[in-house]
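First chain A sits with chain B, and in the next complex the same chain sits with chain C.
Let's turn to the complex of A and B:
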């Protein structure tokens, strides 16, 4: 028998194995907690904070990494939580080059979709005037890297290092200069990248996009 | 920038490249009949992952070189010969066959005229000289349905078993050893079962380049505690994740594995209960390996006795150990012996039939498993039923309505020999390019030029098509629906995403059109009906259909496809032949030893970005952009001794020919060895390779021949 814990999420009772994250437990109830950094294909890292929920303690908890506890009463969509997410979205959008390459081509930019969901039309913040504009790395034959559209969610890094085990991508720099990097921070096309495209496939924003789609606007996708 | 609006359709299919069989979706611009993007799908073999070929190598489908009309050779283009072969070299930019060079020798024809010509050509030879004067090469890039129809046409329509395909060039020896040893050529355990292995022996393969997505699961396993024992002659990248990397000298596999078994047997690491219950002939193995102590083979193999012993102990002590192998095992004149050793190694340690164990020869082509299952093999009907077995023959005679030849047919290399000696007069080649893929191309060139009649069906003008009397424009993988069977025995449906361009047709229909013209009509309402006939003729595919396979496919055997995914592990209780037959093997010398004139061992293979003869990948902008030209990989110490610089031009010569190619200095190749990828026609590795074959599997020794290398001075190249 696996040990379980019982809790409520948005007033619905649920019993899950010990160690289950709040995000997974909510999902089992059909409650969709928004994420940018998390993906079911990956180890959760809790960096984007979009998935925060109210567990009744002093600060909000990132549900993708927070394990459920016995007797917890979790609220995933309270006004406090929604206000927090709106603030996060405004901060992320402050220096975002909207619409960006993903929204302009396939229209599935996850950051912009969340901003629409939360009614965030503009940001009250501005990028630091002293920061140099983040560059576009056009060196790969298949993928365009727009560092300005990167929200440092770490999905590409986990895709490269943990799904594909190519161990090419990492973070580099400190503070506002932090950026995703290839090998020892060389252009993507000069790195040991094997062009599997996993980083582009998991990227939620316009930071890593397929070059072949640039210049196209994909209108609708009928599924067969 | 004004963006172009495109209406898209998403089609779920399967990657057309390697045997891993990644499920993917194509985003299709229907108006312009092109694929815009490939996305990984949550398939059993890939969990959404793809590699560079599947992700970016789809644009060959819309390349301007596509054949769009049937072609007939002009009267003034006889006698036949290569049309573009000499039209290249180091001074030329290279790349695939240029239609501008070749097309003037052909004229466009209607389907009616071209098919009539094919019918006449094949019928004439059959009626005058008998069916055995004809032969067919099918393709492991085609679907199961195409493979089934093709061999049915050759067997029942031509009246011969002379039908083979490129499995002969990749795993024929592995399959021969597996059929002999356990009675089945398929893998026993799926790739992802490595998650449950304590130890995995990964030998004679380079999965990060040739089975990239399978390699990601091997690396997952390594990260979670599975010990990888990597054995190779040229360091593959998977060695970076290995507990032990053992670099053996080329061609010493039998000695190495016999030494491992020597340790396992003499140190009591065998699974005696398994040996007693599930195997026969163990005593012969025990006796045979006695003279192969690690100490006695260390010098030959090039690995210290202590390390051989350690590898043997790790393998022998594992509760669950799994074996993966590739062409480095199979493509030798002793390829069958190599595979026999691996089978024996698994059996004496009780490593089959359980999670995390088993034998997994990594299949190369997307459908090499299925094409073999469907009977594209000269000695087997579908599902490995022997043509020499009168019961099987009677069943297929009843099914196909023709009397069938009891004589096993000729293999790929034997068909080449037959063309040269005049016993093979006509051929139908579908989707294969033996002029570049087969050993000793000068010999193949003579053979193809000698044929009275050759019809080639392909999507591009291949080097082989230059020898054709008639060329028929077929369809690319994305332009048709059909099933393919991956290395895991997973049968998956590839769905049509694009329309065949111009007048080109779906290949299964062309096969039926030809059948009609030679007086053996084969008519089906659609391609799923072909699958149904094939599945019903087999035990392995019985119960499967396009409908039940759905979006995810099934592992065969799958007796209850409504409720089960099929069998990821087979032979838990018994083998198809009952007990496993252990076959001892003895170390044998290479067919062409190095000497003072030819001091280097040539190894051939593939690179991540390209596929075989490059007809598809060299016409993909992304893949060609990343990997535009051939190279010879040489150890920096050897390069220094020969005066060769990194990137400098060299001439590589064997007893069969010579090529010019750029040198790439890498210490991943051992001293005394060089490596040349097979994809690049202008620096064609198979000009150099030796045509000798394994006596059992009839597979050529692509992994071993003797060459020499000289730098090319600048004036020579002007």
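Let's turn to the complex of A and C:
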């Protein structure tokens, strides 16, 4: 068995160790594939689908989770790929409270940046009712949660449970009612959150931001 | 399995997993709260507050909607007003489509008018129990009576070759009956060849595709065939553990399986050193905590591993990396149930059971506007029109308008295509598919757009919520379709839906999102009159 595979990405040849994802292989060639849920610090989960690429099979493949295969010919930026990414952006923007807390303050909202790159200015879809118990949760001494801006990328959850091992966050509910939750879906400030800030640091949108950005005081840690 | 089994036991005992209960369990079991919340909020059997002592779960999907109208559940709830201790909820297809409109009273299948259901629930009259429909099971049972059961297994253990089982399955042309139609022999070959462990055989008995109830009847009436094929599967792929993943609403099937498993164990077909062959096989029955998505093979595996039932990204496929990371042979109930017959017949004998050059037999769950809905076992290649005749012909003096041949995941086809033979490829060529073999028949005068929208709603209701296209796209599609149905299709709606369908097909993680708009795409393609209702007059 060989331990590398050879393939082409946007017509450039590359050889990578078996098991390498298309996204990593592309990066080694200097090709940037857009992501929202993926972070190089985390286990890829492949949920936002923004990183889809064309490998010539029936469906587009999420490059952050798709291992390279021998002889693959991958296209990362075809019209078909771009068209589907635009639709995903439109779906996400439908109920996005633009510009949102992150863009309005630190200006590094990754969703809005991608939407600009793809020329998606408005969505043909309407906002739907938020699935979370309350749209905005500012009960935490440090972090403000805006559920309406959450795209369920799972970064905060992986950051909390898998990077920091604080074991506080989960997805709660199912289908369109899915939302991020703390412990048994209690307000963040009432949960076992230790305010490490990891979730807010990895969040690509305005869903988790620092209180100070809202003109709110960061509260002194008042729990035991 | 362990954590979910424990949670289900507590839910059963206490009637709810309240916050207080979960806090206690979290300390006792040393499981973080977030994990318990993730499970409680995902699976429909769990409730965070106890409900009324008696519950009636009324089906809202196509066969029942067509039989009793879109507001059936509300009418039932109204009829029940003033009766204390009774709760009415509307639920997805219960696999009781032959008895439409159907409901579950607790776990007892019932059917009837709102008033009749009320009288059953309140105890004024006996419950209006669902009758036993035709099932055609005898056609595939190679044994005369219980004494002959497991005869194929015994022959194999006595000097047979695993390789020859795979060869027979390959040559028979058998394909997966759970919906995807993957060649069964090839799946068994891949799994046998895969390295590593633990090695497991799983029977997918989560049957929840609207209109599908063949697996339920097979399990109720011939559980030994499924059990035997699973043991043979274990022997072929080198697994000593099997799991039957059963839909929780299937109480009769659970009882039948339980009995058959006990008997097989007592007779020495399950356990260690089966019939002195040195081969060991244990078989567990796991009851699903609920939800259509759990039938998707990797969601099912996530459930078995005590997580939220969110499908995995593939590859790797379960044949390589399945239950607990090892190779897993997963087949549908019907796929397994056919195998003893195929091994007895031999590949050629099995193929000859089909007609017009098509191979083998096929179970179809027939529901909708037919006189005798039920499960029919027909030779592959039988024209759809003849299947409708077998099911008593059209009911209520209607003529055939449309049919959906393979469950909500396959589109409706017009009456003009009713000569299409029952076969995976032939139905795919006609623009649909055989799917799970659920033939839903729609007569003239029915509101097909309404039924198609209900199918999209079903997918929205059952989406797991993991990936963006399906979670958001299915909900957006439903709200646009509902607006159009209310009389105001927006400008360019059909183009938008076509584009959304492309993204659902191209980017969704699993088959649910990929087919979520199929019902509407079928109308746009095959039913110009229905499609016109989604366009503005001047579009």
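By our rule, the second predicted complex is superposed on the first by the 205 of 224 C-alpha atoms of A that agree within 3 Å, B and C clash if a C-alpha of one lies under 4 Å from a C-alpha of the other, contacts with A are read in each partner's own complex, and residues count from 1 in each chain.
Just so we're on the same page, contacts are C-beta pairs under 8 Å (C-beta built on N, C-alpha and C of every residue); 3 or more make two chains touch, one makes a residue touch a chain.
Note that the structure is a prediction, hence the values are computed from the model and not measured.
Once the two complexes are overlaid on the shared chain, A:194 sits against chain B while remaining clear of chain C.
Of the two partner chains placed by superposition, only chain B is touched by A:104; chain C is not.
Shared-chain residue A:184: touches chain C; no touch with chain B. Partner contacting the larger number of chain A residues, of chain B and chain C: C.
Residue contacts after overlaying the shared chain place A:119 against neither chain B nor chain C. In the superposed pair of complexes, A:163 makes contact with chain B only, with no contact to chain C.
Touched by chain B in one complex and by chain C in the other is not one residue of chain A.
Looking at the complex, you find that chain A touches chain C at residues 45-50, 52, 59-60, 62, 65-67, 80, 83-84, 87-88, 91-92, 94, 124-126, 128, 151-152, 161, 167-178, 181-185, 192.
Interface residues of chain A facing chain B in the complex, by the touch rule stated above, are 41, 104-106, 141-142, 163-165, 194-198, 201, 210, 212-213, 215-224. On the chain B side of its complex with chain A, the touching residues are 1, 3-12, 27, 29, 36-37, 39-40, 47-52, 55-56, 59, 208, 212, 215-216, 219-220, 223, 241, 495, 608-609, 621-622, 625-626. Residues 19, 22-23, 32-38, 41-42, 291, 308, 313, 315, 460-469, 471-476, 479-480, 496, 499-500, 502-503, 505-509, 514 of chain C are the ones touching chain A in the complex.
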